[in-house]
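I have a structure here, written as structure tokens, and I will follow up with some questions on it.
The first chain written gets the first letter, and so on, giving A, B and C; residue counts start at 1 in each chain.
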Amino acid sequence: MTHESHTISNEVRPNLIKRPSALKKWWRLLIRSKTGTVGLIIVVTAIIIALLAPVLAPHNPAAINPANMLTPPVWMENGTTEHILGTDNLGRDILSRILYGSQVSLIVGVSSVVLAGIIGVTVGLIAGYFGGFIDSALMRLVDAFLAIPTILFALVILAVFEPSVFTLIIVLGITNWVAYARLVRSEALSIKERDFVRAAHSIGVSNFKIITRHLLPNVISSFIVISTLSVATTIILEASLSFLGLGVQPPTVSWGSILSDGRDYLATSWWLATFPGIAITVTVLGIIFLGDWLRDVLDPKSK
Amino acid sequence: MDSKKYYLLFLMSILVLVLAGCGGDEGTEEETGNADDPETTETEDSNGDVEDDSNGGAANSGSSDDRTLTIALGTDMVSFDIHDHVNTSTEAVHINMFNYLFKRDNDSGEIEPDLAEDYEVIDDTTWEITLKEGVLFHNGDELTSNDVKYTLERVADDSTLLEYINYEVIDEVEVIDDYTLRIHTETPDPALLNRISRIGSGILPADYIEEEGFDHFLQNPIGTGPFQFVEWVRDDRVVFEVYEDYFEGQNEEWDELVFRVIPENSTRVSELLTGGVDIATNMPPSEWDRIESSDSTYLAQEVSNRTMMVFVRHTEGYPTEDRRVREALDLAIDNQAITDNLLAGAGVPTITRVAPGNFGFAEHLYETYNYDLERARELLDEAGYPDGFEMTLHSPRGRYLQDAEIAEMIAGMWSQIGVTANVEFMEWSSFVDMRSAGENEDAYILALGNSMFDAANALDWYNYERFEGEIDYHNEEVEALLDEAAQNMDLEEREAQYIEAQELLAEDVAHPVLHQESINIGVNENIEYQPTMDEMIYVDTISRR
Amino acid sequence: MTIKFLLRKILQILLVLIIISFIVFGLVYVAGDPVALMLPDDASQEDVEILRESMGLNEPFIVQYGLYLLNMLQGDFGESYRYGQDAMSVVLDRLPATLELAIVSIILAIVVAVPLGVWSATKKNTSLDLVATGAAVIGKAMPNFWLGIMLILIFSVTLSIFPVSGRGTPAHVVLPAITLATGIAAEMTRLIRSSMVESLSQDYVRTARSKGLRSRMVIYKHAFRNSLIPVVTIIFLQTSTLVGGTLITETVFAWPGLGQLLIQAVNTRDMAIVQSSVFVIAILVILMNLIADLLYRVLDPRIKSK
């Protein structure tokens, strides 16, 4: 994600978030963009599904039923309306599992990105604003983290701490913060040289205030752009960790864990892995579309 | 070196493609699910695909002329240090290049001489063994008593070796002459023959190791077996070739033997189905249908020496401290439903850990189980849990056949008698750590093997001291029996003692026992192979059809 | 500037490597020792204690780390308990396999991504662009392991075109490389597209167009060349993602490289191997980033002026 910084950084951006009329403007921009609209619809739907999973799900996602193992989806031979998307190797209803799985996938995706964002933005602001020794020390730390592939990092940490929704959020959060730190640092570097910051500094406003009042609002928009895409990446990463046996553990379900559990059945009972796969793909598509649109809106250059 | 040339060629052709792609007009290909990508490279590769297997890659076997046997394993072998691993699948490979003094016959369960010619028990702690003459190591040296002395004393003396605990009972190996030796044990060991017909007993070439050093041996191991070492590319393959001067005659069937490592289940099955490998081990139940229904493969099964059990805490304060609770939990488990539904019928319900074929096997406790929900509820009521209770069940995931699924199913069965079991899955090493730290809670699932094929090993789990703080099972009657039997040289009496101990344990429902696992191996239709209970892969028993 | 710049870079890299060694050593230390894993399933606590003692694993963290760092400076990365040999040599043995896979993948990714990215940028906001973007997103959304297994089922089991797994002939590398390349190609396509969109909107390109130069000429000669710098950077910066992807791809295809080794090492707590391979990977990534950095400096005059 760091390379995004080349296209977005060093740019002065109007502060859209603070102006109330901005919302209306966004709405107009959104309707004009086909992909943006599609993205928003998908993301909103996914969130609604996650929130309403207990209401929507026809079955308990963890209830096993040996009599009903590997029932195919309703439109196939032997399928029943009882299990619209079929059942898995323990007779659990796949539709219900996917509905519930959306909760964990989205929570892990969003929370870990927020956590990464908080760490990254803080480190980036401090490094960029103070510069000097603090900057180079923090940047070496960033380099170190960048040089270790995320999945490898997660692998080692999760081998120590039992994988759960909570630990996954923490792990993905602390492995992904570097991208934000780099971006925010370069933003902060350019902003701090600008007149209003210098002015604030000269009349004795404290560092903390300058950072929170002046720097933070100015880096928020680029943060939003990267973080949307990061949510998508995280959802996929969670699936990969499930493949390695380090995703969420049963009875908790996530799309990644359903997909991973179904991989032994790809040749014989395709529906186990296909439906969660579709869920992931569609959601990621929606998030990326939304993210692209956000970038177009927030980055005047690419308009 | 051949592969390097090919590789260069391939890289160059790719490069040409790249240049063509950038310079030409083909910049408009679409990326839909990658269907295009193989086509762009396929023409460059197809010549290297099927015909060219000179590197021993995925040799397409199955044809009757093919004298290379390729076997796919799920994990790589660990080491050629036969004393420093405790890994059954490593031993399954070693068995083809080393020989033991004695070898257990899988059909009769008898332990028969292999490198040994004969043996005699001199007194309770002295065994005299004569060796076959004319047995040659792969470097041409003849096997003598000295090699046996070196091998057994190495593992009996060096406490850093992983097999040490199984051999420390051996005090000394005394060389009488080149072909006669005496094994002295510290205490009477009725199971000595079981002990030296398993992991760690493959006889090493003493002179070769002395001259070249052990590290050299590890890189260039030699033994007395039917196949000799060629190369080991870690996490990829171990290659052997037939040894012409094998003491029981050269293997007529195979010239080359390749063990390939393929960790992912579905990949291993795919290799089998496409003829890339002849035999594939550890086939998951989800794939059995596919293997059986294919014209080119079949599924070979055999019961294993591994028994899956639910180990419960007997520590004070845990509900399972009460015999009635344990019996209730056991009665609530429908063992047959587990083997039928999750193991597709492969797996034998039992109530003892000692499996058939082991010394001390109690037949009347095998192929049976107790299931009675009504009685289970009554017992819970009597024990003071009319509304059940909540407990934790730990389970490894992916370690044993369907382990996680079985744990979930058991939790489901227990919920029928009001017991809420929270299943916690753990990655294997964390699971091991948890146990060794004594942090396990009410219960955990484990499937235990027994390479000794002797009840002593299996029942050692019921000794209080051994798992103090982890299980805390304390049954003095059982322990007295086990202690006596361990050194009892009267084999008939010894067997009776073990059977009695098992009866006591079953009555006490020390730990609910689930079933004996099965070995499931996929085999190419052109090959005749029947797996054996000890999970070894004796290539001598594998033939072309 | 070059020598001073390089010296500073090297110093920074050394510092980064020490930080990495600390992070990884700390993590592996917390992960616990392999002793319990080395013993059979039914080993007792006592057995574990005996072995732990004999392996000298009861030293405190700082002592162990200090010793490790000292040895490392002398080029000794410790011994792998699983392989019984120098960990670094085990790791370096595996490196060629992974490099082969990585290089073929990256080339595949470039072959697909560059044309697709350029093409969809020139057709920006048409439905064709949408299809291309959609394809890229789907490529990105497919987890490696799923794609790998599917490719095996289609191209090996059903169509018998490629071997299922292992390494050997050139045909063996095709499916794993496609698996690994897909996600990266998708990412690249998107980045190239946005980079192209940017340069197509530059004034001089517009001027060239208005002067009546043929559209294709403009695209390739001016816009593409200009966006080449970020594209090259992007390719180099994918190293980390690429190496991360090999962990899973190698496992699916039984490819005997660094990725598989690492997963094994983590699962078996083979501390020395984990350390050494993370080190090698980190050096690779840092090296690639350094090259990207240098290229950037050489190719883009704007950086110098800063």
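The rule we apply is simple: a contact is a pair of C-beta atoms (placed from the backbone, for glycine too) under 8 Å apart; a residue touches a chain by one contact, two chains touch by 3 or more.
For reference, the UniProt names are A, C = Peptide/nickel transport system permease protein; B = Peptide/nickel transport system substrate-binding protein.
Owing to the predicted nature of the structure, the values given are computational and were not obtained by experimental measurement.
A.B. asks: Report which of A-C and A-B is connected by more C-beta pairs in contact.
C.D. replies: Greater number of contacting C-beta pairs: A-C.
A.B. asks: Among the chains, which has its CA centre at the largest distance from chain C's?
C.D. replies: B
A.B. asks: Once you find the CA centre of chain B and the CA centre of chain C, what distance in Å lies between them?
C.D. replies: For chain B versus chain C, the centre distance works out to 35 Å.
A.B. asks: Using mean CA coordinates as chain centres, what's the gap between chain A and chain C in Å?
C.D. replies: 21
A.B. asks: Suppose each chain is reduced to the average of its Cα coordinates; what separation in Å results between chain A and chain B?
C.D. replies: 42
A.B. asks: Enumerate the residues of chain C that touch no fewer than two other chains.
C.D. replies: Answer for chain C, listing residues that touch two or more other chains: 32, 138, 145, 149, 153, 157, 251, 267, 269.
A.B. asks: Quick one: which residues in chain B touch 2 or more of the other chains?
C.D. replies: 266, 427, 429
A.B. asks: Which parts of chain A, given as residue numbers and ranges, touch two or more other chains?
C.D. replies: Answer for chain A, listing residues that touch two or more other chains: 159, 263, 266-267.
A.B. asks: Okay, in this complex, where on chain C does chain B touch?
C.D. replies: These residues of chain C touch chain B: 32, 34, 36-48, 50-51, 54-55, 82-84, 90, 93-94, 100, 103-104, 107-108, 110-112, 114-116, 118-119, 131-132, 135-136, 138-139, 145, 147, 149, 151-153, 155-157, 160-175, 178, 181-182, 185-186, 189, 251-254, 256, 260-261, 264, 267-269.
A.B. asks: Could you pull out which chain A residues touch chain B in their complex?
C.D. replies: These residues of chain A touch chain B: 62-64, 66, 69, 89-90, 159, 162-163, 245-246, 249-251, 263-269.
A.B. asks: Quick one: in the complex, what on chain B touches chain A?
C.D. replies: The touching residues are 265-266, 269, 284, 286-287, 289-290, 337, 341-342, 397-398, 404-405, 408-409, 412, 423-427, 429-430.
A.B. asks: Write out the stretch or stretches of chain C touching chain A in their complex.
C.D. replies: Touch residues, chain C against chain A: 12, 15-17, 19-20, 23-24, 27-28, 30-32, 130, 133-134, 137-138, 140-146, 149-150, 153, 157, 191, 194-195, 197-198, 201, 230, 233-234, 237, 240-241, 243-244, 247-248, 251, 262-263, 266-267, 269, 274, 278, 281-283, 285-286, 289.
A.B. asks: In the complex formed with chain C, which residues of chain A make contact?
C.D. replies: Those in contact with chain C are residues 2-3, 6-7, 34-35, 136, 140-141, 143-152, 155-157, 159-160, 232, 236, 239-240, 243-244, 256, 259-260, 263, 266-267, 273, 277, 280-281, 284-285, 288-289, 292, 295, 301-302.
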